[in-house]
Amino acid sequence: MPYLLGPSIGFGLVTASILALAAVGFTMQFGVTNILNLAYGEVMATSGFVALIVNRAGLSIWFGMAAAAVFGAALSYLLNRVIFIPFARRGTKLFGMVIVTIAVGLILENSILAITGPNFFSYIVPQESTYSVGFLILTTSQIVLMGLATLAMIAVHSLLRLTRLGMAMRATASDASLARGCGIRTERIVDAGWLISGAMCGIAGVALFINTTSFTSATANSFLVVIVAAAILGGVGQPYGAMLGALVIGLTSEIAAAFLNPAYKNVVAFVILVVVLLLRPQGILAQIAVQREIAR
Amino acid sequence: MSSAFQFYVTTLLIYAGVDILAAWGLNLQFGTAGLLSFAFIVFQAAGAYTAGVLALGPQTDNGGYQHYIGGYALPFPIPILAAMAVGAVIAVPIGLIALRRLRSDYQAVALLVVSIIASSIATNETELFNGAAGISLVPHPLADQFGGDLLTYQWFYVGFTAAVCLVAYLIVHRVTHSPLGRAFRAMRDNEQAASALAKDITGLRLLAFAIGGALGALSGAILVLFIGTWAPSAWLYPETFVLLAAIIVGGTNNSLGTVVGVLLVPIGFAEGSRFLPEIGHPGLIDAGQWIAIGLMLLIFLWFRPQGILPERKHRYANDGRLVTVLDELAGWLRRSLALIQRSSR
Amino acid sequence: MPTSSVESTQRPAAHLEVRDFTAGYGRIPIVSSINLDVGEGEVVAIVGPNGAGKSTLLKAIVGVIPSLGGSIRLRGDIVTNLSTDDLVRRGIGYVPQSHDVFDTLTVEENMRIGGYLLAKPEAEARMARILDTFPTLRPLIRRIAHKLSGGERKLVAIARVMMLQPSLYVLDEPTSNLSVELAHKLLTDYVRRIASTGAAVLLVEQKAKAALEVSNWAYLMVAGAISMSSPAAMLLADESIAHRFLGKVTAGSSSAPPGGTGPDSTLPEAPAV
């Protein structure tokens, strides 16, 4: 059935791109700070709505995306500084922290809802043309999104492998106390981690909204679980694992949507996740599942 | 009292009873046994669907406009009892997926996923429980005894819910004050020590899950037999979060605290304001409630993480000695384990 | 127990001065009223039974846990309650007793992170030099640290700290898990050599005899307090003290080898290094 397989691989790659942007940011927050931030979807959403404001003001959506990146970075940084770190200092444990992040997420999502109402919005995207690449047929914005995700992945890779900041981030993720023992100012590294992952979160929010064409205040939140699935599939805290997880989940969910019931798009992703949790709870790429403390 | 007002009060009382039952179930899992049960609402849903489709007549009733499995028109109280059994039984597969040795925050996420999968299946498999529209026209139990006097029936249902709550309270009290309850708390406070005391920690977790699940299902059954309808939109995963908020606000692992929390959180603003007039755009009040719940949680976790009525430390006035011994044992085990771990590094 | 000290021996100018120092976890003090000096170029050993609070003291000195009172001076500057990263930048190199390497990273990455504060060419040069000093590490360079043997881990941890060439080494049981020869070599050769370059060493050791043999000064720590401060040779020579405090008296907690039998009898089997 190549006439179904072709487009679904195309959709799969686009979904995987968006998912990769989101999941790498999510997993980085977890890796560097050890917080499973379930407000991540709402930070995506608020950033997406910031881009909407910019877009409605007459600027291109790609400017909107840049604004969303800045906003996402700032919001994530502030959430960590103003809420998560103080709670961690107060001795809030791992799952207490999960509740805190959900509470923050609820507040964010419903603040948007209170402002926008339960309405559907869309960006003004320039006239799309379609291109056929091999057996795939893709629109302009789909190609841009895929390119963007690829660039972001290369950037993350270079950051982690080639820069001093990346080295410090990996050291902090591995053992924050020992990293301080090497002269690394882990507090700043954690800040940098939130800024970078927050920017990715903002970009991912806009990418998601471009791809879904019309969105509400709840759109990003329903995507969060897919993001978490990709991150856990790859082993939480592992950026490369998140990329792999995004690819696997993006492709399988779109192919399943084409061949089974479209409504089960996400269920397939979750079933993969459940199987992973049963067989290899630490994820496919994780070297070891470490019980660490929240890093600051 | 005007009859409209009586309807308002009775409805609120029944909702309160349902939420209290559910919150006790969740409190047993979360507060007592320390399982961050983000899929809790699934138990309530399972109970509601079970009771609903057992109480309903065959699909072909009412022109066959809805599809569901079951349809046996079983008499009261069989649907309720069956619902509880289903709640306890589905705890096992859910627990086996999510409660294996994962970090506590992973567990939470795994359960969140379970909740979303369940909801997605109930929505899309329309043959099961009539899909997104949900089941409706579930008959009220014993309604024929009241010959159409709806107000009296409302009061009867309040009494029935209260009686169920009383029985549930006795059960919860019994469980938490038994050796089993102590094992749950030991597991919550120190898994390593508990696994040394009671070898089968997974069994212990599943048991807590099953008892809490049965209570959750009971609450769902009582609710569906009262309102007559049940659809996926009634049990989206944030609903679990409302119950969790009630428990944290009221006081974790304190049955009375849970009642206070329920009266404040879901009843106080979620249910209470359903009767408010709509202001602003549709959904504004809803959004405001959620924001308030989120803020309230943060405020409580910051200023009073133990809740309004904290867990009682001296709960065994007459056999307090036993607990101290256990605590000492747990502490001793903890220390020696730490020592062994250190020296084996 | 009153602190007995030997005033006659002349000690070099203090590099690290710990005065009336109290520390613990939360608000509960584990070690209290500690007075301790490490002179320039000195090797100072802290010995004592398990659970005496030796590691706690070191952790508080290097800022891993906050102090509860007293002061610390480093080359005369007050550094009490500075964070670990600040202290490292001021020349302290700390090897913890456990969690002493970045488990998820390779040996090479561990060492690179150890040289985080250095310019890249400098870091490369030092890494090459350290690998010459510990040739056993060379073949392991791409190995993930959690796949190392206990002895290999310790070497990596020490090598990592050497990257910054600290002026004060704070070592918490650096020879645990090392083979007999390597432990001996580490103490008699490397530790002494570090001291001869002018750096100071503060050492906690279970192998009390071996540690005392390479140390200039020694503190005996019992139940959270310094109960003796004397030249290392003197503690080593005093059979009865060594016997009482490092051996039989504290036999309840599995303790350091008694002075008389020598360290070798209780050493773990030599790991392949």
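Each chain carries a letter (A, B and C) given by its place in the written order, and its residues are counted from 1.
Here, a residue touches a chain if its C-beta (ideal position, glycine included) is under 8 Å from a C-beta of that chain, and two chains touch if they have at least 3 such contacts.
Just so we're clear, the structure is a prediction, and the values are computed from it rather than from any experiment.
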item	value
Contact-graph separation of chain A and chain B, given in steps at minimum	1
Innermost chain, where centres are averages of C-alpha coordinates	A
Whole-Å separation of chain centres (CA-atom averages), chain A against chain B	31
Distance from chain C to chain A - Cα centre to Cα centre, in angstrom	43
Length of the line joining the C-alpha centres of chain B and chain C, rounded to whole Å	54
Touching two or more other chains - residues of chain A	none
Complex contacts: residues of chain C adjacent to chain A	62-64, 83-85, 88-89, 94, 96, 99-105, 109, 112-114, 116-117, 144, 146, 160-161, 164
Of chain B, residues touching chain A in the complex	36, 97-98, 100-110, 112-114, 116-117, 120-121, 123-124, 238, 241, 244, 248, 281-284, 286-288, 290-291, 293-295, 297-298, 301-302, 305
Partner chain B, residues of chain A touching it in the complex	36, 38, 83, 86-87, 90, 92-100, 102-107, 109-111, 113-114, 117-118, 225, 228-229, 232, 236, 261, 263-264, 266-267, 270-271, 273-274, 277-278, 281, 289, 291
Interfacial residue positions of chain A with respect to chain C in the complex	164, 167-168, 170-171, 173-175, 177-186, 287-288, 290
